[in-house]
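Labels run A, B, C, D and E following the written order; every chain starts at residue 1.
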Amino acid sequence: MNGWILAATAVLGAGVGATVWGVATGPLRRRVVAQNLSTALACPALLLLAQGYDRPAYVDLALVLALLGPVGTLVFARLLAGELAGDPPRARALTRSAAGLGAGVVLALCVAVGPSRALLKLLVVGVLLVGGNLLASRALSGGMAGARRG
Amino acid sequence: MTAVPHVLPYLVAVWVFLAGAYGLATSRNLIHAVGCLSVCQAATYVLLLAVGYRDGATAPVFSDVEPGTRPVVDPVVQALALTDVVVGATVTALLLALVVQVAKRHGTVDPDELTELRG
Amino acid sequence: MGEAVIVVALLLVAVSATAAVAVRDPVRQSLVLAVLGVVLAVLFTVLQAPDVALSQLAVGSALTPLLLLLTVRKVKRRGRRRRENEP
Amino acid sequence: MNPRTRLWLVATGGAGLAALLVAACLRLPRFGGDRHPYGDRAVHASLERHTANTVASVNFDQRAFDTLGEMTILFAAVLGCVVLLRQTRDEHRAHPEPADVARPVRRYALLVLPVALLTGLYVVAHGQLSPGGGFQGGVVAATALHVLYLGADYRALERVRPVGAYEVGDALATSAYLVTGVAGLIGGTAFLANTLLPYGTFNTLSSGGTVPLLNAAVGMEVACAVVVLLAGFLDQAVEIVDEGEDDDRAGDGHHHEERGK
Amino acid sequence: MRHLLPLLVAVPLLGAALLACVGRVVPRAFAEAVGCAVSAGTAALAVVLLLDASPPLVEWAGGWEPVAGHSVGIVLVGDGPGLGMAALVSLLTPAALAYSWRSFDAPPRGNAGSFPALVLLFQAGMCGFAIAGDLFNAFVWFELMSVVAYALTGHRVEEARAVQGALTFAVVNSLGAYALLMGIALLYARTGELAMAEIGRELDAYGPPDALVLAGFVLVLTGLLVKAAAVPFHFWLPDAHAVAPTPVCMLLSGVMVELGVFGVWRVLGTVFSGPGGLPAADVERALMVLGALTAAIGALMCWYQRHIKRLLAYSTIAHTGLFLLGIGTLTLEGDDGVALYVVGHAGVKAALFACTGILLDRFGSVDEHVLHGRARPLRGVAVLFTAGALGLAGLPPFGTALGKSVTEEAVGGPLTVVYVLASAVTAGAVLRVAARVFLGLGPRPQEAAGDEGAYETTGSGEEPETRQPLSRVPDTMTAVPAVLLAGALAAGAVPGFADAVARAMSEATTAGLVQTSVHWTPVGVALGLVSTLLAVGLAAVAVVRPKLLAPPARALPLRRLQSGHVGDYVAWLLVGTTVLGVLALPAVLTG
């Protein structure tokens, strides 16, 4: 067990664990935020695991999650727009800290791998992760208010 | 490690399967029932992959690892689980299609209110 | 000690699967199922099955929720009308 | 049966099954054990045929017959969904109005669409090397197309998605897999035998004999299948309306109806 | 020759892909012709392979021949029983397609190819399951046939009952399939193998059975018995069969359910038969108890139905019980008998469904009471229907009669009574329908006061499967049941057929070391005649004095079990696993 895996365990246990609790209880607005945060936190955990296991190939997992996770949240934002309109979720601080964590993890890994092709992939993952989750969070809190059925 | 974690993965699979079956039996909404069925299926993935795990081993994918340098886990169960995931997704889709039609023709998705076929 | 991360992932799966059954409203359940999909993918990763994890991510993060929500939407549109018609 | 009785039944049956399964778990080999005879043979066979991703080798070479069944299940489910979600005589279509999506979401969608498509292709193409393969990549690529629905609207999606063409693509990809199998029978030794093509250099895109071919066929099949599948559901949720349905046009944004096709 | 085995799956799949490809542009006649041609071609292939199946064919998909006794590939087993089932499936499929030619018109708009394509996929799944020698591969084909069957059952989406029945079917069968997969995973954990024979060998090497083997046995059998519709896993079957389109019913009742029984037989013989499997006494107990229960409940519920398709569905359940009793003997004679019985039953049952389909399309109802006397003009159909009923009763020389008599001899003892009674009651119910519907005998059944809320599915208000009720019955719709009945008759009457079956079974199970001879015996013929007479008698009493044999109030709780509620069925499935576990438990306690 190395430090990377330990960090991943911490992110999973504390972060993702909290989002599981969040998505299972409470009002709808809290649940959608928790769903968004779960991908925002699982993705850095996957990156940490890839590094911890010394398997660059596992980064593909984080890439796919960084791509599709926000898309999943957008699905909820789009199809639950009606339910969320009256009671929009507000979780700016949480989202930002999750994004910050993601960015921090990506930076730490970039330092660890050094300049290479893997670095490029990591940066792409980082951009998609942080950008996607911030955007998805915004869409949840009414950014898609204009969107109607169609 | 103590003995508990050595059966924990199997027990989790059993728990998930039974929980899904319980939800399926007591569901009041067919869409929820389909979700429970996919929970049951998740148990099969967990069991399969737990069976194939090997301590300290890594994935049997040699694009970034020299073959023979590290022990690898069982690839066969992974292939089985992969097939299983596909089956699960398609069965879910087919069931949901049927739920859509049930809702249309019966005007409800509560199994308690479906009283056409009995006796 | 190397198994701690596996234990954590297993517990997450057990808890979110239980939640997916216990949450009875299909919309909320689909949110839990989306999280369950991600947690399962993490478990598969720590069980060294990246191929399975990848397909679980591909299916569980966007496809299944979309299918479930589209079904809910179709069903709800009917339900609303029906309630209005009933006295 | 009333819910109470049912609960008793579930409790009885569940308790029995739980006892049985827990007893079985205690007799299972230790988690993380070292005995995997089939797995070890599979790794050996995979390396012999220059396939870096052993799971791909099991899926598309050693147990390719299973994968044939798997892709057929998908094919059948899609065909089944098309049949089950067809527009019936008492339903009509209502065209949805264009939706106005917030600009950042639209921009994001336009950015993600090509990236996700490329990622899908990458995952398919590297199937026999790194984690991934036809199934995973196919789903990613198909999901990518539907970002258009999220970022723009249903009409934009419809423009890039002639369902008929995807249905044909689905069937053609399935046939391609079968034809490769039959070619193995005619030109090689057995159905789906991977003896026709050279195994190539280990850890390159063309290694593994017919593995990349079958992988690509599955990728195409899955992508087409998912598109058709989602089309059926989107059609039902967005376009098809029947008599009993809530058709509050204003809120729905429907206009211009036409009776059945 | 053995290399051609996978083509049993590949040919119909290619046909289905072709139909899905061009289905939108070709006319319906072309699509159906292609469907018939491809399925008939597969049937020819299956028969050719079957004739060559001595000694049994063994093929390794992908050419992965075993090295040092072990292979990494998938084994396909082309022995007599496997290829026989594949041939039966493949012969029944073109019959169902030919029947659907005129009887059935609900092709989705502009997609004429989808129905024949689904039927071909169904055929491929069933053939694949029949020749699978690898447990996981069997699961895959099992899932394929299930998935297609759900879609085909719900094909008439405009019918409320159709979609409900299909959904129930899908949920229960999927859960059963996942149980099967859990069982496979457990067995793989113990043995590290997937080929059935290898699993059996490894289990034997491990030692006497323990809780793990028991759990594997229970889970695998749960999956297969759900498909075979054994009590208490059977609830989905009447709901699905009552609503599926007639050609699909022919396949579901004729072969799919029997494939579940076949799966049980295959798994018992290869995986659990050795010293590491379960002791014969325990397996016997489990199968005998479930079989007898299934036969009894199926026969009783069959008698109480007035929805003709549902009635036939329950008779399938009753016969499944008889099959389970037969293979539960774990003797070669029992297997021989069941094999013959399955062949005869497939023809008879499919023919009966085909005749019922004619009633549905002609009169828009399958309610015995409503149809009273209305089918008098359909003389030819009446003859076929009655012949089918007699075949069901086991009138010599039908294949069912020979199979039944051989099985009875193998089972022996008091269980013979179960055979006679179950076949007599189910056939009596069918004869009762024939007398009332085709001959108009007896008083017109009166709706009892307050019958409105009776706990049953009546079968009136069913939509015909054709757009307009047929004014005359197309020739194909009568020719198909006639051919099927002729086939069932030939299975019993053609000399040498029974011996060929016996030889194939012996080669499959004992490598030809133990020979059995299968032939008509005076006792068997007499018992067949007894059950036929009993059936006729029951039907006569029911028609002339309906009150005497009407369902008593005591039967209501039994009816209430069939509640149409998917949650109940799942609960019963769980109870069923426990029952199976308890029945086979002594194996572990003593071992």
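Odds and ends about this structure:
Following the convention adopted for this analysis, contacts are C-beta pairs under 8 Å (C-beta built on N, C-alpha and C of every residue); 3 or more make two chains touch, one makes a residue touch a chain.
These figures come from a predicted structure and were not determined experimentally.
Shared contact partners of chain A and chain E, listed by label, are B, D. The chain with its CA mean position farthest from that of chain E is A.
Among the inter-chain contacts, the highest number of C-beta pairs connects D-E.
The distance from the centre of chain A to the centre of chain B, each centre being the mean of the chain's C-alpha atoms, comes to 24 Å. In whole angstrom, the spacing between the mean C-alpha positions of chain B and chain E is 28.
Distance between chain C and chain E, defined via averaged C-alpha coordinates, is recorded as 36 Å. For chain C, residues that reach two or more other chains under the stated contact definition are 2-3, 22, 48-51, 53-55, 57-59, 62-63, 66-67, 70-74, 78, 82.
Touching two or more other chains at once are residues 5, 8-9, 17, 21-22, 25-27, 34, 43, 50-53, 55, 58-59, 61, 63-64, 72-73, 76-78, 80, 82-83, 85-87, 90-91, 93-94, 96, 98-101, 104, 107 of chain B.
Of all residues in chain A, those touching 2 or more other chains are 53, 55, 57-58, 60-61, 64, 68, 71, 75, listed in ascending order. Looking at which chains touch one another, you get A-B, A-C, A-D, B-C, B-D, B-E, C-D, D-E.
Across the complex, chain A meets chain D through its residues 57-58, 60-61, 63-64, 67-68, 70-71, 74-75, 78, 128, 131-132, 135, 138-139, 143-150.
By the touch rule above, chain D contacts chain C in their complex via residues 32, 53, 55-56, 123, 131-133, 135-136, 139-140, 143, 146, 226, 229-230, 233-234, 236-237, 244-247. On the chain C side of its complex with chain B, the touching residues are 2-3, 6-7, 10-11, 13-14, 17-18, 20-22, 24-26, 29-30, 33, 36, 40, 43-44, 47-52, 55-56, 59, 63-64, 67-68, 71-72, 74-75, 78-79, 82. Interface residues of chain D, counted against chain E in their complex, comprise 1, 6, 9-10, 12-17, 20-21, 23-24, 26-29, 35-39, 41-42, 45, 58, 61-66, 68-70, 72-73, 75-77, 79-84, 86-90, 164, 167-168, 170-172, 174-175, 178-179, 181-182, 184-185, 188-195, 261. Within the complex, the chain D residues that touch chain B are 3, 6-7, 9-10, 14, 17-18, 21-22, 25-26, 28, 30-34, 36, 38-39, 42-43, 46-47, 52-55, 57-59, 63, 66-67, 69-71, 73-74, 77-78, 80-81, 84-85, 126, 129-131, 135, 202-203, 222, 229, 232-233, 236, 242, 244.
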